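Next, two complexes with chain A in common: one pairs it with chain B, the other with chain C.
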Partner chain A sequence: DSHTQYERVGADVTMKCGSMDWDAAVTWTANGTDIDESHLNGSYLILKNVDLTQSGQYSCYEGSSWHLKYQTCLRVGTPPKEPVLMCRSNNYPKGFYCSWHLPTPTYIPNSFNISVIHGTREMVCEKDAFPKNRCHVRYLQLFSTVKYKVTLTVTNALGKNSTTLTFDEVAIVKPDPPESVVAKPVPNNPRRLEVSWQNPSSWPDPESFPLKFFLRYRPLILDQWQHVELSDGTSHTITDAYAGKEYIIQVAAKDNDIGTWSDWSVAVHATPWTEEPKHLTTEAQITETTSASTSSFMPPPTTKICDKGAVVGSGAVAVCWTAGLVLAAYGVLFI
Partner chain B sequence: GDSWGIFTFLCAALCNLPALPALNCTEELGAGQSIQKTYDLTRYLEHQLRTLAGTYLNYLGPPFNEPDFNPPRLARAERVPSATVDLDLWRGLTDNARLAANYRAYSRLLCYLRALDGQAGTAELRHRLGHFCSSLQGLVLSIAGVMSSLGYPLPAGPAGPPMPSGTPVAPNDFLKKMDDFWLLKELQTWLWRSAKDFNRLKKKVPPAVVTLRLEARGF
Partner chain C sequence: MAASDSPSAALRRRDLCSRGIRLAGKMRSDVVDLLDTYVERQGLDASASVAAVEGVPVAAVERWDEQTGTQRLLENLAAYRAFRALLAQMLEEQREQLGEADAALGRALAAVLLQVSAFAYHLEELLRLESRGPPSEEGARPPPPPHLGLFERKLRGLGVLRELAQWAVRSARDLRQLAKPSPGSSSAPSPAESP
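Up next, the complex of A and B:
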């Protein structure tokens, strides 16, 4: 018959060959490989200071007949350290969820037991299908003065450990970040960006439990963020953007009155509207055709002044315009 | 009209207290604005209470000032009106019931809070308590204002007078401190709840509705 044996890392393990006498002649194998006699004390197998690599299938065979006398699966691991527990309400006022994990692996199977106590009442924390280490509690009452006490116990073959969280109903409220953040340039407005977003879909009742928002934005080239707090509405127009610069924008949400701010939303990028130097191209075409039909005096139209890189703000655009006009004027004069 | 009468009664009833209400009895705020004002007041009070409660609990000393302190509710503490309510029930409250619950709660909480006044430790703490009581009184008046501008009758029973007679005084010092602890806790929870109550009311009562009502009542 075979079974499983759990041992701590660093322990000394003695395996007996079933009911065989101490002085019987036996052969031990580890995962099919013969084990050297130096590890034997009679028919007992001695493993000193075991480590994780020594986990595996150990079998004991009677010396001459090679009958399998004993088999065990050795699993080397550690007892659990204090687990990390977190509880949060991202769907107020429906309820809250708690999730947990171990700070270091134990290398052997662990079982978790969670208890939620509210005053004198024990509440049910329904395990989520996914992710695994998570369960959720439904509020039966709102605006409670009594704290919630959540205790998580983790147990394995080598020991157990636990941790407890105590909190007020309103203290753990933290919405998910806003969704579908979109930032668009505003036509004919080189310093504006229109940002819009949606309430997180996990927030069940924004009508009765409105959210307020925090917007932050900066051009990619600068480190300093600018902030705007908005008490309602799910859109905002930035009016002081640096023309032509690409911006990074994020939004966070919070219940109007209680709890803490959500994490920042996914960042979106946008560049304010800039004017295309279209008219310059048109003028250049005219000068080209005129110079071809009349004289070679007309200097070839250069776009050097109006390099894309040099176009920073409307001032430079005006220079391009003027240059284009001047060239056009010369062209016309020499028809 | 009736509203005018209620305003004058309130002013008279509460004018014998040291802090005179600032409300001008002839003002007729639109209900929409009154609700916003009441909402703002609850937020202001909630903010004030955080500092006040911290100071008062420190005065009470351990274990009352420990953040994890989570004692069981004793039967005697049930006198203090609780904000706790079933979710569906809370959602289904009529505007009248919602306002009335707030009005009753803060009236009683104000009574109990006033009783703390004379016994608190330092002069500074007493001063802070006094200031908070004045603000809380303002809230009670504000709620009354909203109710009357919407044509709802004020809940029966006086708002001002001291604790109902026959209330057992705490038998010992520790239980007295427990009473104080729960009073502050309930007050805090009510302020969290009121923000949500007034949010709902804000959405449901646009100023236009009120104007019509006032006209109908001959204002």
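Up next, the complex of A and C:
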């Protein structure tokens, strides 16, 4: 007679030896190891304030014959806490996916049930093979103002919990980051870097649902990013790079009309083209650079303080500088 | 549909689509601003749920990607003609209700009404290019709204503007589909097969 028994952490557990009388002589084992008689009350096994380490196979044997009278698998765990649920459309207008997890483990098996309601209609969320805690919904309607309501319920032997998300079609649209970002120097142009990228492959129809892009770049040695927003195209030439300095560059994407920006792409590094290095000492290099009439560093054309708020969402290309950056730039030259 | 396949017609269609997409974008942006103004001036809660409003064309559509070019244009045109009438009604009610008190809201409504009219005309041009010609407007007027109290009228106005904002997004998408090279529009099963 063998089964599984689930108990909460901290509970007091009493195990009976099957149909044996209370006063029968029995021996209990836990994972094959005899349990001390101090844990027994007659033939009952008493476990007080159980913890996770007490999970295991418990067996009860009749005293003299050593017949196995009862066996149970004790699983100590907790009821589920409120699950964390996230829904996102990275393949608009095809549909969206929802994924979830528990904030803390329960140590016992859990089952998840998800329901998706759109107005009065119940929609199917097809479970993904991988990852496991994820399912996807196909949009049956587009351009709807009616919200979607997604409820996730997690249940285990000790209890259940649920959470609900309500959102409209466009609020959850967030593309994957752009792919294949490449940055190259431009021959004979010490201040330029050519950046190109591709639409994320998960975005099904970039022609009808074009993406716009946000590029950020900075020299490795500075903390402040510069930003450029691009309404179309999958390339851009940076024209104000510091000569000879290695840059880090990233791109993000967003649907032209709806939703939010993607995460930043994988970062790429590039250094603008420089002339063939001459064999000089460091000191001589500084002397050479500062006295050269065509210095490779020139003050930026404008030192206008740009309103940070104007960067995001503007249809025009905007480059932001701060006065502090200009001062830092002069310092950079002498590093 | 034969005339729409000529190179000049295709160029004209693409040009009209590009301009239409820009119009729709500007219209959407202005409707979103108008929504903010409307909510504020009418003392409404921006997150208020509004049940489907009678007589307001719903932007939601099933199998959107399977629609033919002509279907798209006809549905868009019917919608914007309806919005033209609805916004005119709202403007009239707003003037009666507030008189001179809220000229800003009135001006914003009038500006959007103008854009809606312009967009409807633009759609008619596109339909003429499809050798279809726009349908007549007889019977296209929405029924007069039921006699509503002030608050119900405000909520109805909110519903109208929200749906218009959705339409503006949809219209840009529809026009991009239309602007795609041939397979989408001219390989439609047959010109007679429209709703």
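The criterion applied here is as follows: the second predicted complex is superposed on the first by the 276 of 335 C-alpha atoms of A that agree within 3 Å, B and C clash if a C-alpha of one lies under 4 Å from a C-alpha of the other, contacts with A are read in each partner's own complex, and residues count from 1 in each chain.
In this section, a residue touches a chain if its C-beta (ideal position, glycine included) is under 8 Å from a C-beta of that chain, and two chains touch if they have at least 3 such contacts.
What you see is a predicted model; the values in this text were computed from it and never measured.
K.L.:
Should the superposition on chain A be reported as showing a clash between chain B and chain C, or a fit?
P.N.:
clash
K.L.:
May I ask you to decide whether A:Lys149 touches chain B, chain C, both, or neither, giving the answer as first, second, both or neither?
P.N.:
A:Lys149 sits against chain B, while chain C stays out of touch.
K.L.:
So, does A:Leu140 touch the first partner chain B, the second partner chain C, both, or neither?
P.N.:
The answer is both, since A:Leu140 touches chain B and chain C.
K.L.:
Figure out whether A:Asp257 sits in contact with chain B (first) or chain C (second), or with both, or with neither.
P.N.:
After superposing on A, A:Asp257 lies in contact with both chain B and chain C.
K.L.:
Is it chain B or chain C that touches the larger share of residues in chain A?
P.N.:
So, of the two partners, B touches more residues of chain A.
K.L.:
Is A:Val84 touching anything from chain B or chain C once the two structures are fitted on A? First, second, both or neither.
P.N.:
neither
K.L.:
Does chain B (first) or chain C (second) touch A:Val124, or do both, or does neither?
P.N.:
After superposing on A, A:Val124 lies clear of both chain B and chain C.
K.L.:
Given the touch rule stated above, what does A:Val228 touch, chain B (first), chain C (second), both, or neither?
P.N.:
The answer is neither, since A:Val228 touches no partner chain.
K.L.:
Is A:Phe209 in contact with chain B, with chain C, with both, or with neither (first, second, both, neither)?
P.N.:
both
K.L.:
Taking the contacts chain A makes with chain B in one complex and with chain C in the other, which residues are shared?
P.N.:
Touching chain B in the first complex and chain C in the second, residues 93, 140-146, 170, 207-210, 257-258 of chain A appear in both lists.
K.L.:
Touching residues of chain B toward chain A in the complex: what are they?
P.N.:
Residues 43, 46, 68, 70, 72-73, 82-87, 90-91, 182, 185-186, 188-190, 192-193, 195-196, 199-200, 203.
K.L.:
Going by the contact rule set out above, which residues of chain A touch chain B in the complex?
P.N.:
Interface residues on chain A, with respect to chain B: 93, 119-120, 139-147, 149, 166, 170, 207-210, 256-258.
K.L.:
Once bound in the complex, which stretches of chain C touch chain A?
P.N.:
25, 28, 58-62, 64-65, 162-163, 166-167, 169-170, 172-173, 176-177, 180
K.L.:
Considering the complex alone, what residue numbers of chain A touch chain C?
P.N.:
93, 140-146, 170, 207-210, 257-258
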